[in-house]
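Reviewing the structure listed below.
Letters A, B and C mark the chains in the order given here, with residues in each chain numbered from 1 onward.
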């Protein structure tokens, strides 16, 4: 029951299916696993690639920071203020459901071309899961925990810092995990449109040129980074849940 | 005792006088057309006594405890702890143990027990001394690194009790602390509670729905009516301070529980039917 | 209307009023955004012109198909993953990462397999929504109280009956949440796909309007899109609340 071994089997199965798809669909639609890997290695070796990667991750970094901080603060506020939460929740849900890509023109009009727009786009994608899950995490803290904080005569700030945040940390972290993935997506999509730097831009250029191996290599790299980060975050997540 | 008091006892214990004074307390939840939980309740607890409150479900016992602790401000009436008014803030010197498991799942047993002390700003040596003593006293010493999730319900309640103890409360309020435990564990925990009471010299108010528990543990038992709650009778058990669960063999024990039930039976049926008192 | 509903109404109205004021006084210039009243007027005009019909029909039918596909695919994959614990352990880390993948890059592949029609678009829309459904299916099955499964055995039920009469109903609240997510994400996926791939439908029209610097039309269409997604979302939330309350999980 070795998970690592199973993961290898799984990866193998994916590669096999991939290869079969390649044989069916041909090289105009998809690149073979080997070609993709080769292209990915070429990319990593090329000088230009890292400049673009840095551009993407700079914007991504800012977006994540803002989305997480904003999301947690708002989530905490709503979690602790029942009336505000009740009023706001349907509104937040409705906003979450809007195809944010259609807001992109609006964001561009407000922020102009460039990094702030990319960051804004990343933020509007990622802030919602963080906020919603934080709010829920705080709301579902067992009442006896909050009563205990009062019984121990903690001040409001102490209560938030030493009791409420630790108590809702698992849920907050789940929100952050999903938020990070969505923020990356938002940043990439942002780069598709109005940037001449970044991995999203590279993706668009490759797609425009019908550079199938190039497109797939980029996707492979992106997915690998996202999956590794995701696995890391999941491990932390498990640790948080484990001792409870 | 030596120059240093026992680690869990406060210097003020041993003095005479009233620990807790509840005067004409009425409480209504939810405004004018709300639910009346308490109806003109009067209670005076002597320092160092063990007082138990029993009553049918929903009669307002928990509300009474919340009012006594300062967690709720009563709609009318007054609460005084050691002659100081209690209003909306839990006074230092009062410790509370709730029915539900209130241990913090993200902290180890040691950190749970030390939590309140750290916040109060005692020096680390004193914290260590008190926490170690409480852990040993409650039989938790070998579990100090464990997390609550790894412990049974009874042990988690002991963690909550230890956490309250280290703050050296002069009044300990317990709201059906053993409610979620099985009968055998309850009896053992009851004995531990008695041991604790003797060791600290604190005043104890125990809310319970178990007649046996009230009759066995307390010096005095107050019987509450169905909602809205008020005291309809108070019995004195007359037990010696040094007692344990063996007193159930005493003939008086049977008489006591019979008397308690006689008072309680009508009220319980009222509560079951949903009548008002 | 409840007190909370009134507060909400006041808040939203106040927000719209502020934006309207900002637009009219020029704090927000008309090249960036037009006033809400102008958006509504634009939409009214578009409806009158009758030009919307084809786009709307295209988008809505795509959404419906995407949703159906996402719900079915999500449910099946969720059930399968749950039934195979080894697979689950492997797949778990990948599920959250999935959200980061720009799925519309698989468009060329899908065109080759499915043809140059709207099917690739529908599949892309569904891809976004499938994960939400799958994760909630897994969660829902996880949370079926063990005692209910024992009850099924006590009734000596065969597996199919047990699933239909006990397991599915017990998991319904979470399944409903999954459906809600599938709907939301599929709608987003379809419009995003239309926007990027410029096929047809509302997404494309919004993209074209933006490229033509036709703010009026663009914002009118955005208002329409906002109304549709909000209406669907409100209905779903309301229904979800009732399901949760009925099942006692609120």
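One rule holds for everything that comes next: a residue touches a chain if its C-beta (ideal position, glycine included) is under 8 Å from a C-beta of that chain, and two chains touch if they have at least 3 such contacts.
Please read all numbers here as calculations on a predicted model, not as lab measurements.
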Query = So which chains are sitting against subunit A and subunit C at once?
reply = none
Task = Please name the chain that ends up farthest from subunit B once chain centres are defined by their CA atoms averaged.
result = C
Key: Top-ranked pair of chains - ranking by C-beta pairs in contact   = A-C
Centre-of-Cα separation between subunit C and subunit A, whole angstrom = 18
Remark   = Chain centres from averaged Cα atoms put subunit A and subunit B apart, in whole Å, by 49
Request  = Could you tell me the distance, in whole angstrom, between the mean C-alpha positions of subunit B and subunit C?
outcome  = 52
Remark   = subunit A touches at least 2 other chains through residues none
Key: Residues of subunit B that touch subunit A when the two form their complex   = 69, 71, 89-90, 92, 95-96, 98-102, 104-107, 115-116, 119, 147, 149, 167
Message = Residue numbers of subunit A touching subunit C in their complex, please.
response = 1, 3, 6-7, 9-10, 21, 24-26, 28-30, 83, 86-87, 90-91, 93-94, 96-103, 105-106, 109-110, 177-178, 181-182, 184-185, 188-189, 192, 200, 203, 207, 212, 215, 219, 222-223, 226-227, 229-231, 233-234
Key: Contact footprint of subunit A on subunit C as seen in their complex   = 4, 7-8, 11-12, 31-33, 86-87, 89-94, 96-102, 105, 108-109, 111-113, 184, 187-188, 191-192, 195-196, 203, 206, 210, 218, 222, 225-226, 229-230, 232-234, 237
Request  = Mind listing the subunit A positions that touch subunit B in their complex?
outcome  = 142, 144-145, 147-148, 150-154, 158, 162-163, 166-167, 169, 243-244
